[in-house]
Amino acid sequence: MKKILAIVLAALMVFALASCGAENPTPDAGGKDAAPAGEKVVKIGVFEPASGDNGAGGKQETLGIQYANEKTPTVKIGDDEYKVEVIYADNGSSNDKAPTAAQSLISAGCSIILGSYGSGVSIAASDTFKDSGVAAIGVTCTNPQVTEGNSHYFRICFLDPFQGTVLANLASGEFKASKAYILTKLGDDYSTGLGYNFKQAFEALGGTVVEESFQEGNADFTAFLNTAKSQECDVIFAPTSTEAAQLIIEQSATQGIAVPLLAGDTWDSNVILNAAKGKDVKIYVTTFYQEGGNADFDNGFKDWINADATHLSNNGGDDTVAAVSAMGYDAYYVALEAIKAAGSADKAAIKNVLGSVTYTGVTGEIKFDETGDAIRDTAYVKTANTETGAWDFVREQGVN
Amino acid sequence: MFGKLFSTCLPYILSGISVGGQYALIAIGYTMVYGILRLINFAHGDIFMVAGLIMIYSNVSITPLFMNMGFSAESAFIFSIIASVVIVLVLTVLLGLTIEKAAYRPLRSAPRMSVMISAIGVSYLIQNAAIYITGGLAKPYPTKGAAMPWLSDQITVGSTSIKRVTVITPILTILLVLALVLLIKKTKIGMAMRAVSKDFRTSRLMGIEVNNVISVTFFIGSFLAAVGSLLYFTNYASVTPTSGAMPGLKAFVAAVFGGIGSVPGAVVGAFIIGICENILKGLDNILSTAGVFKDGFTFGFATFSDAFTFILLIVILCVKPTGLFGEKNTDKV
Amino acid sequence: MKKSRKDMVFNLSLVALIFIAVIIVENIPGVNPMLSTVLKKGSIYALVAVSMNLLNGFTGLFSLGQAGFMLLGAYTYAVITIPDSAREKVYMYVKEGSAVSRSWFDNIANGLHLPEGVSNIAIMIIGMLAGGLIAAFFSWLIGLPVLKLKSDYLAIATLGFAEIIRAIFQWDKLGPVTNGSNVLRNFPTFKTAVFPLTVSAICILFIVLLINSTYGRAFKAIRDDEIAAEAMGINLAHHKRLAFVISSFFAGIGGALLAMFQNTLQATPFKSAMTYEILLIVVIGGIGSVSGSIIASFLYISASEWWLRGLDSGKFLFIESPAVLRGGFRMVVFSVIIMIIVLFFRKGIMGERELSVTRFLNFFRKKDGKNEENS
Amino acid sequence: MSENVLRLENITMQFGGVVAINDLSLEVNKGEIVSLIGPNGAGKTTVFNVITGVYEATNGAVYYEDKMILSNHPQGKMKKMYAGTNADKFPDVIVKTPDRITSLGIARTFQNIRLFKSMTVFENVLTAKHMLKTSNVFSTALRLNYKEEENARNETMQLLERLGLDDVKEELATSLPYGKQRYLEIARALATKPKLLLLDEPAAGMNPQETMALTSFIKSIRDEFDLTVFIIEHHMNLVMDISDRIYVIDFGKLISHGVPEEVQNDEAVIKAYLGVSEEDE
């Protein structure tokens, strides 16, 4: 019995190995293998979380990329029409899974990488991309450490120092706040980074802050909200993932928190709208894109979402256009521009030209500076309408 | 001064009592299973989480049924919640019994370490299955609008406004525990349970159907975990696949703290842990209100709100390994 | 005697062969780079699993603190080895900046005119050893109270200890050292799988030698029967602590390697789930078998990171079904396999035995015999 | 002339309210074979457990080669509950773990055989040699102690040969027949090079022939290894055959002692044994 088992196990292993060899072919062989009849293929890797704390956001960002891919499934390199194949890898919102997920994209032969939602995983995977010589375009990872000091990581979104300043300006200008409560999540680079930048900017404007942070998996925010209330803070700033956001909104409604809740781009999600609907809360977020900014895109995307139940559930159950989806959509086209500019599917060639690519997408004009960051000087401020369950546009806000 | 201090502390204590009650309901499952099988049922926290998911999914699928029957959206929702509560209780209990039968019963004569590993494996399986089913996302618990209408109403205690469930939880917990203590002390099956927990083998020789007793134990444990889950998630309205892990561990620590095998001990331990944990989260605030911390200085106590539970565990194990109400067992040479 | 020498020669040549194969494979262009990733992570997990096996399998102490000790090793390594020039950027969110500096080492290295490659390796080794020692020190400290506890209480206490360590390392008051909960990066890392394989091989060799020494017999005696072991003059407290400290030392080194593998370091992933993962590897390999743990580590990592990835993305072998094979399915299949092993093949792959050439040959010889009978 | 090897003074062992040993004093002289007998549950094994440090006596002292090695008096909660006598006689508190006792030269076997299950016969005995090693963990792992290790292996081999276990040395200890397991336990105890050997029912489960063989075996190892033997036994033939002196306890109390003939004819002993069996039936 034991022996039979051992033999079966060994056979399975060999089989698995062999089949993987076939399934994950080397970059050169990839094109011919996956696409019959001589069709040429260029592969774009999508490095996004599909599970874990940032799973919801990652899925929405991926939807934008998927939509773009379905709209434009081919790219012309020189005279040849190439099919664009999108390869997905789930980084699980976790730094320890990021390098292997990144490696799986590289071994699948991707020519360029898009992602990730969440800065921590992008930083963790950065060296893996670097070693293989592939370029990556960060879609919504706003932490400065992602692109800093390397030549392969680019991004099309604004940065934390910018966003932090915008939010601080909003707090002290719009709400005349002099004391802010900052709630960040331990071990989340996005959260602590944005919190830090907000604090810097807010204190520079003459305000004071009360800072606290919560552990991963924390479900009870009442204690934190109580502190904010009893310290008489004028505004609460909570740059967190949407998972925590739901709970924060729910519980601040229960606790009767009257002051505005401020947050960054992660909160620009229908998860927040659903949580806030019918509750007595004031929520303000800064974001990359305002629904209605580009009617063609909005309508097309909505139709596409509504046409498929999986898409609909990945988008959180309705057809609200999340800013990250728009960003993902743009990122895909930036990647195509880079492939065209490079004139080949070779990852090194693409990496070399990526810095000089410009593109005008639905979220505005995209151009990279020398660190590889997008040059952007405005953010959109939105507020959650608790009656209609939609975002209301407040204004565009710059640093000044 | 003291008035202000009191009003600063009160909300922390209130939510501490509430969460303590929910821990207590989970802790009972741990303490009873450990008392009888000498097994840390690592999957218990996950059963609690699954109960939350069942509520969500059953509510989503039942509401349309009632709507089709011609009820208004509002009342369909309320009926559906009531039906879902029943479904949650039944399915959770079934899950608990199935786990016992499939993963623990075959290992009854195996070394303790094997059973514990099996428990860890079950926990791993449940979490991964939950990730698969939910897609790894947090699912909102049906508390919005008219749902859970009475439990999630706002009420005001002192100067703080809280959900009604916060007050209901400790009362319901204590009532359930009293019922359970009566069951253990007065009924035949309770007597059998006490016998089995004292001496497994002898009880079997005395004609007690040990497997039945164990099933009953899992039944009670899972049932209370389901009730705890209803209360907990009404308060913290979202369920993730790992939602059960931390409350589970904390409830286990509560059981150890109170003296494993002792139901009242587990309840007392759970309340102590719940309250301490919440006070710790607000301690920076309390101390600066009291004037101990000045000039905006903070210590960052909140970082240790989870770790505190384990510090407490290590201290109690070193000082009084039998817990507050536990009995001493000596090994025979 | 003769038999065991034969086995040793066999095992050593097997190790040598693997090394040569790895070096060749890594240098052939076009070979799936995933293989290299699996070799790196697999060798790290092998070390950590073997160190856990030393405790759980050979000494019978059911400890679940592995992730905590790995965290200690990883952080010590990172904090010590980040170059001073990079510290300002890494510690950007800490007001006071980094309180640690490696200028002492750089001065020595410059004084000795070490070439950069050598000094890099040197600081990596120093960092790893320091990581191991810090982990060992803390395990000694925590061992004083908790090692007196019985099986499951010990498990839960060490599990709790790992959680406490994680909280401490995320505490912002320790920011100048640990960078609070922010990410640590820019520390020296390895590029090829040869480095972690070598380190793991040396460490595992030490553990194997220890297990086969008189101390190893004492550990096994404690596992088999504490009371009898004590009656044979084996000091329980001393030997348990010894096993605990040695196991933690190697867990610390494993943690340092894991930090290098991840390129960046944060306390968040080092939670109980990581310990469970390692424990399950030990179980799959066979509790009490070093070679089992090693084989299981590589199997586990290859399967979860590589072979079964198709289960998550809609295509696996010949089956194509995006509705079933979606995110998370891989881990479901995986945990089902684990439960089957736990319930029905409790001895795991190797049981308590080790890989040996004689057994290997016997296996086939007997099998042939059986076939002959059949035919 | 007759030098004390082991001496118990006023040992009382109380578990909660139960007094398992009550004010027991006895002595074992060098080179003697002394038996401790008594009806079931009389507290014999508890005496061994107190001597070897498994239990901490509630009151009393143990001397080994005229040196006090264990001593205690009722403390804490026990102060109030204590039901014995001589509570003030032993002001010192000396506690030793079993391994310390063994390293003094007192080795024991167990009533319910406790061999190392996963080990072979050879390893079982070799493990007992661990206590005698002088090298530290690093030198053993790096094999710098190879001479010591080789000595230990040789001595183990000799011991196995002497006890007739050399032909089964590679077998799993637990696969041996019951009688051989008993011999293995003795071999393992001897490997620690003791001066005093405590045997807890070595003949349990043996037939008359085997018991006779065991009797002469114990005598011969006493002479060969220069031992003093303290033995708990139920087989009266063996006890009467082998013992220089006998102690009889019942309900933890010493009821008789002396040379075999004296004990055999002691009214109290007969009553104790018969009394118990009457109640039993």
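Read from first to last, the chains carry the letters A, B, C and D; within each, the first residue is number 1.
Convention: contacts are C-beta pairs under 8 Å (C-beta built on N, C-alpha and C of every residue); 3 or more make two chains touch, one makes a residue touch a chain.
None of these values were measured; they are calculated from a predicted model.
Asks: Could you work out how many touching-chain steps separate chain C from chain D at minimum?
Replies: 1
Asks: Which chains are shared contacts of chain A and chain C?
Replies: The common neighbours are B.
Asks: Looking at mean CA positions, which chain is nearest the middle of everything shown?
Replies: Taking the mean of C-alpha atoms per chain, the most central one is C.
Asks: If you average the Cα atoms per chain, which one ends up farthest from chain D?
Replies: A
Asks: Indicate the whole-number Å distance between the mean C-alpha point of chain B and the mean C-alpha point of chain D.
Replies: That gives a centre separation of 49 Å.
Asks: Please tell me the distance, in whole Å, between the geometric centres of chain A and chain D computed from their C-alpha atoms.
Replies: Each chain's C-alpha centroid was found; their separation is 72 Å.
Asks: What whole-Å value do you get for the distance between chain B and chain C if each is reduced to the mean of its CA atoms?
Replies: Centre-to-centre distance between chain B and chain C: 33 Å.
Asks: From the mean C-alpha coordinate of chain A to that of chain B, what's the distance rounded to whole Å?
Replies: 35
Asks: Hey, what residues on chain C touch two or more of the other chains?
Replies: If we look for residues of chain C contacting two or more partner chains, we find 167, 170, 172, 227, 327-328.
Asks: Identify all positions of chain A at which a residue touches two or more other chains, and write them in rising order.
Replies: 50-51, 186, 213, 215
Asks: What residues in chain B touch two or more of the other chains?
Replies: Chain B, residues with two or more chain partners: 131, 135-136, 245, 300, 303, 306, 333.
Asks: Chain A touches which residues of chain B in the complex?
Replies: 7-8, 11-12, 15, 19, 131, 135-138, 140, 143-145, 152, 154, 160-163, 235-238, 240, 242-243, 245-246, 278, 281-282, 284-285, 288-289, 296, 298, 300, 302-303, 305-306
Asks: So in the complex, which bits of chain C are touching chain A?
Replies: 30-34, 37, 41, 89, 92-93, 167, 170, 172, 180-183, 185, 189, 191, 258, 261-269, 271, 274, 299, 303, 305-307, 309-310, 312-313, 315, 317, 327-328, 345, 349, 363, 367
Asks: Once bound in the complex, which stretches of chain C touch chain B?
Replies: 56, 62, 142, 145-146, 148-149, 151-153, 155-157, 159-161, 163-164, 166-168, 170-173, 227, 272, 276, 279-280, 283, 287, 326-329, 331-332, 334-336, 338-339, 342-343, 346
Asks: Across the complex, what residues on chain C touch chain D?
Replies: 206, 209-210, 213-215, 217-218, 220-221, 223-225, 227-237, 242, 246, 288, 352
Asks: Taking the complex as given, what residues does chain D use to touch chain C?
Replies: Per the stated touch rule, the residues are 52, 54, 97-100, 102-103, 107-108, 110, 114-119, 123, 126-131, 133, 137, 140-143, 145, 149, 152, 188-189, 191-192.
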